[in-house]
Amino acid sequence: MIKLYNYDLSVNCYKQRLMMGILGIDYESIPVDFFPGQEHKSEAFKEVNPLGHIPVIVDGDYTLRDAHAILVYLAAKYDPSGCWYPSDDPELIGELSQWMLFAEGTTNTASAARLHDNLGYAFDIDALRSGAHQLFRVLDEHLWFREREGKDWVCSADHPTIADLAIFPDVMLSEEGGISRLPYPAIRRWTERVRRIEGFTIMPGIQEAASLAI
Amino acid sequence: MSQNHTRDESKTTATNEVEDLSLRWFPIGRSDDAAHRHVHHAKLLGRELAVWRADDDYLNVWENRCLHRGVRLSIGHNDGTELKCIYHGWRYASRTAGCTYIPAHPADAPARTICNRTFPAGERYGLMWTTEQGEGSPPEIPALEAGSPFALRSLPFDAPAALIEEHLDQYQSGGEVTVTELGPHNLLLTSDQASIVFFIQPVDSGESVVHSVLTTAPNPQNELVVLHHHARALTALRDRIETVASRLPEPTPLEPALEQIEPTDLDGQTPPSRDEAELRVTVARKWETGEGIKAFELVPLTGQLPTVQPGAHIDVHLPNGLVRQYSLTNRAGEQEHYVIGVKLEPDSRGGSACLHESVREGDVLAISAPRHNFSLRRDALDTILIAGGIGITPLLSMAETLSQGGHPFTLHYFAQSSSHLAFPDRLEELGDACRTHLGLSPEQTGDQLKDILDSYTTSQHVYICGPGPMLDAARDLAEGHRWPESAVHFEYFKNTTEVDKSAEFTISLARSGVTTTVGAGQSILKVLRDQGIAMPSSCEQGACGTCVVGVIKGEPLHQDVYLKPGERASGERIVTCVSRSLSDELILDI
Amino acid sequence: MTTTVEECTDPVALSLWHPVVAVAELNPQEIQTTLLLGYQISYGLRNDGSLGAARQDQPRVELPVRSRYGYLWVCLGEPRGDVFDIPEAEEADRRTLNAASIMVNTSAPRAVENFLDMGHFPFVHGGFLGVEPHTEVVDYEVTIENSEVWARQCLFYQPQAAASASGGQISEYTYRVPHPYCVMLTKSSPTDPSRQDVIGLFIQVMTQERIRAHNFLSVLDEDSSDTVLKRFQQIIFSQDKPILENQYPKLLPLDPRVEVPIRADKSAIAYRRWLSELGLTYSVIPGDQNSTGQATTGQRSL
């Protein structure tokens, strides 16, 4: 069984929980006392990941770190439909990689602002918030034009990909970092669509969306 | 830049801009921002708004604040007819914004005063509009009325509306630009390439949204190109304006006033309405919905109808002077009209006959606000609804509410024959949850009820409405099968008890200290009214429960069919229209 | 947006003991800084093991400090008495720990009121402290005793009431508000039903609209690891957090006409009245009739 070094309140760990929930993968969660224990900085944990951060997964003999890399691995290996990581479509995979890099940006701004506001990390909060707003403006415009094309997701496919899962948690918890989503109506609609994906799992601070059933 | 900037009107500076603007209509989003089952989050002049579209397309613009603890409703759930707050699950009906359900007190109907603040809503030129204190409808812009308006992408700016207005002539749409001021924060920009009307939504003192509408729609195959072109132009303008704005001192955010709420006491009791026939409605539709059963769709002459909760009834004041009670069949959140079903009683004293024969479509009737004395809990693990004949009406409202919310339930409908079933189309939509029992003798009905009420499991509730003998039988069976009294809910059509009015006794009113006598032939209700107390009442024959008051001391003589046996035994409540006193004195909590 | 913070002038708030850090999380010889009632303060552990704190604008003036229940408490004015007592936590065989100190963009009284509230369990803590359709809040008893708000016989159906609980149960809580910004509950311990577990929320009021919530635990659980105990409390608190950050206004309105209470809110009603009677103005919007005449940064027109 896959082991996930996990902290319930971490957005990056949540990305893996989301993916495994959607793909129906059973996994064992190994709780890491990230806060206040700083267990991920301990010598013992550095045996698992010398960089001293979570998440890390262990799948048999295979160990992998970094949230977005793990998403690629999980989707490539465990999604028989090939939708979540469409590796056989060069244009789509290029687009997807572009948005995965975008997700690094949202993690380093929006989610970093959350660490500042929640846990007191000594970051330049004004810079993080304005950086996040710049990215959100780009994302909102992108998703708005996607809607005009009748598309629901970050990439141009008719289905969600790991790019949606990589960006969604940073965006959905942005308000915990003082970054309002009020100016981004297209982002707000997209977060609702993500929360309606079959197999969607919640995390503290992220609830399910209202049902569409009539 | 080689553009030629002209401005037809000089800008007027209002001394109190906010005061002035509160009367104006402003756009608060594109119409497609209020997507299906979504809640759009908007802000106008510092006030946050929750904007949502019900499944019937009605657009709701509400203050973004649940009245209970101030939680934003924009993070709530739009279930198609009601908006649910995610904090405590309070539900508010589309249109009225009245609270329809409070899960912490599932047995109680929420007070009528628990109602969110709503703002006028309108849609025009592909945009949604509202006004804080204005009237009428969104402005008509001749340039758009004459053309084929096409809404472009709305764009948020970190800049005050006035600053944007000042710089709008720098919009690069190709060629020379003329800007005409049409109204506050509303400008027409014309160039060789296009005519665009801009509406600037003042979000807060330092934030705005620029909405823009082309006067002439592009060819459908060109739409995306045009949208991209203008999005780029507006973004470029935004960069320029925000640079200017960032050099200005940050303005103080607006602080809109919160409206004070009409007080309710903790039992959720609304101050009673004295006016028994407070609403005027038009019969919009009258149709035969079953053999001997006419349905009436009632729409308000003006404004909105009061919020309805499942199981409610209204008094209908008939043209012949009679007053009759009818249950509403509306499900929770369905507020567009009221629908009642009326069976022609063979021994009609003029009520049902008048409605069947005299009242026509287009007629105006006086009705009371809905009364909620037969409330539906939405926290049961299973709900059984039992209807006899026209007793279907309140239970249909309950069934549809439970169905909408995904709660498990079964509706048992006893009727003479399939042609006697009322609202067959709506029953059909309930699917397997609706079971009909047709043409049964009293014995067969008893057997069937025995099956239905055979076993009680925890958190199960049964609601019964029908003819007296059927209700009596069902209640006896429930008691025999160990249903707790709190799980059995019923509503009688009428009270057939022979009311004894012979004894004389004293009542003392605890809150006012008044003591007075109820003489033979008088009712407590009448005596209370003679004392100037605004007592609500409806059927005045001990069936509906509208005139119930608390008893502090004394032994009531119960002659109603509303109270449950346990409530009667406790002696803590009394139905004042028919019940009296066994003791010399009653002290009432009023 | 970082804005300049106004310093508190409310004498009631200034005379209180305020928690600022879990002592176990202090590094010896390292001076740390934080915000308390709008004042920048420094604090630390001296070589001799004693605790010290001072305002940054008055570094030579030692502030009164206390070390109780695992926290450093600081008073910015003249303290009235000691930090409140928690008799249960004095028992020797307990595990007492700080589950997490988490900052939230809300006012302290909003967080206290949320802690006192059972009605939100099925909606905000679904699967843990409550589950739909079990939403009813039955009547409970509220009293004011020794200038504290108490709520007793608070019953609620809970699918997983604690880290160590297995399966659903009707839990009975006793709530206690001994301090305007501190609240706790006791409930019978799953490991020894005759004794009480204590869960507390001790709030460091950084500013009127920003808090650091210290999640206090004093339990009889011998089996669960610290990580498991902390994890449960952190999950629960993080579920509340988006609610607290989405309340408007952020300051608690003491005027009863601003929000609609119901019977289930008896404890919150008593808490709001009690705050009015204390004359507290910092972190609340005082009601008209309770005006104490003190100008504070917290007053806003409604």
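The first chain written gets the first letter, and so on, giving A, B and C; residue counts start at 1 in each chain.
As a convention for this text, a contact is a pair of C-beta atoms (placed from the backbone, for glycine too) under 8 Å apart; a residue touches a chain by one contact, two chains touch by 3 or more.
Since the structure is predicted, the reported quantities are computational estimates derived from the model, not experimental observations.
Engineer: Going by C-alpha centres, which chain is most central here?
Structural biologist: If one averages C-alpha positions chain by chain, the most central is B.
Engineer: For the pairs B-C and A-B, output the one whose chains share more C-beta pairs in contact.
Structural biologist: By number of C-beta pairs in contact, B-C is the larger.
Engineer: With centres defined as the mean C-alpha position, give me the chain A-chain C separation in Å.
Structural biologist: 32
Engineer: Please report how many Å separate the Cα centroid of chain B from that of chain C, as a whole number.
Structural biologist: 37
Engineer: Per the centroid of Cα atoms for each chain, what is the distance between chain A and chain B, given in Å?
Structural biologist: 39
Engineer: Of all residues in chain C, which are in touch with two or more distinct other chains?
Structural biologist: 1, 242, 246
Engineer: Taking each residue of chain B in turn, which ones touch at least two of the other chains?
Structural biologist: Where chain B meets two or more other chains at a single residue, that happens at 48, 86.
Engineer: State the interface residues of chain B toward chain C in the complex, per the touch definition above.
Structural biologist: 48, 64-65, 67-72, 75, 86-89, 102-107, 114, 250, 255, 257-258, 260-261, 263-264, 266-268, 378-381, 407, 459
Engineer: Give the list of chain A residues in touch with chain B in this complex.
Structural biologist: Touch list, chain A to chain B: 137, 141, 144-145, 147-149, 181-185, 188-189, 192, 207, 209-214.
Engineer: Looking at the complex, which residues from chain A come into contact with chain C?
Structural biologist: 8-9, 31-33, 35-37, 39, 117-120, 125-126, 129, 175-176, 178, 204-205
Engineer: Can you list the chain C residues touching chain A in their complex?
Structural biologist: Contacts found on chain C: 1-2, 22, 25, 98, 100-105, 212, 226-228, 230-231, 234-236, 238-239, 241-242, 245-246.
Engineer: List the residues on chain B that touch chain A in their complex, please.
Structural biologist: Within the complex, chain B contacts chain A at residues 29, 32-33, 35-38, 40-43, 48, 55, 77-80, 84, 86, 153, 156, 207, 209, 223-224, 227-228, 231, 235, 406.
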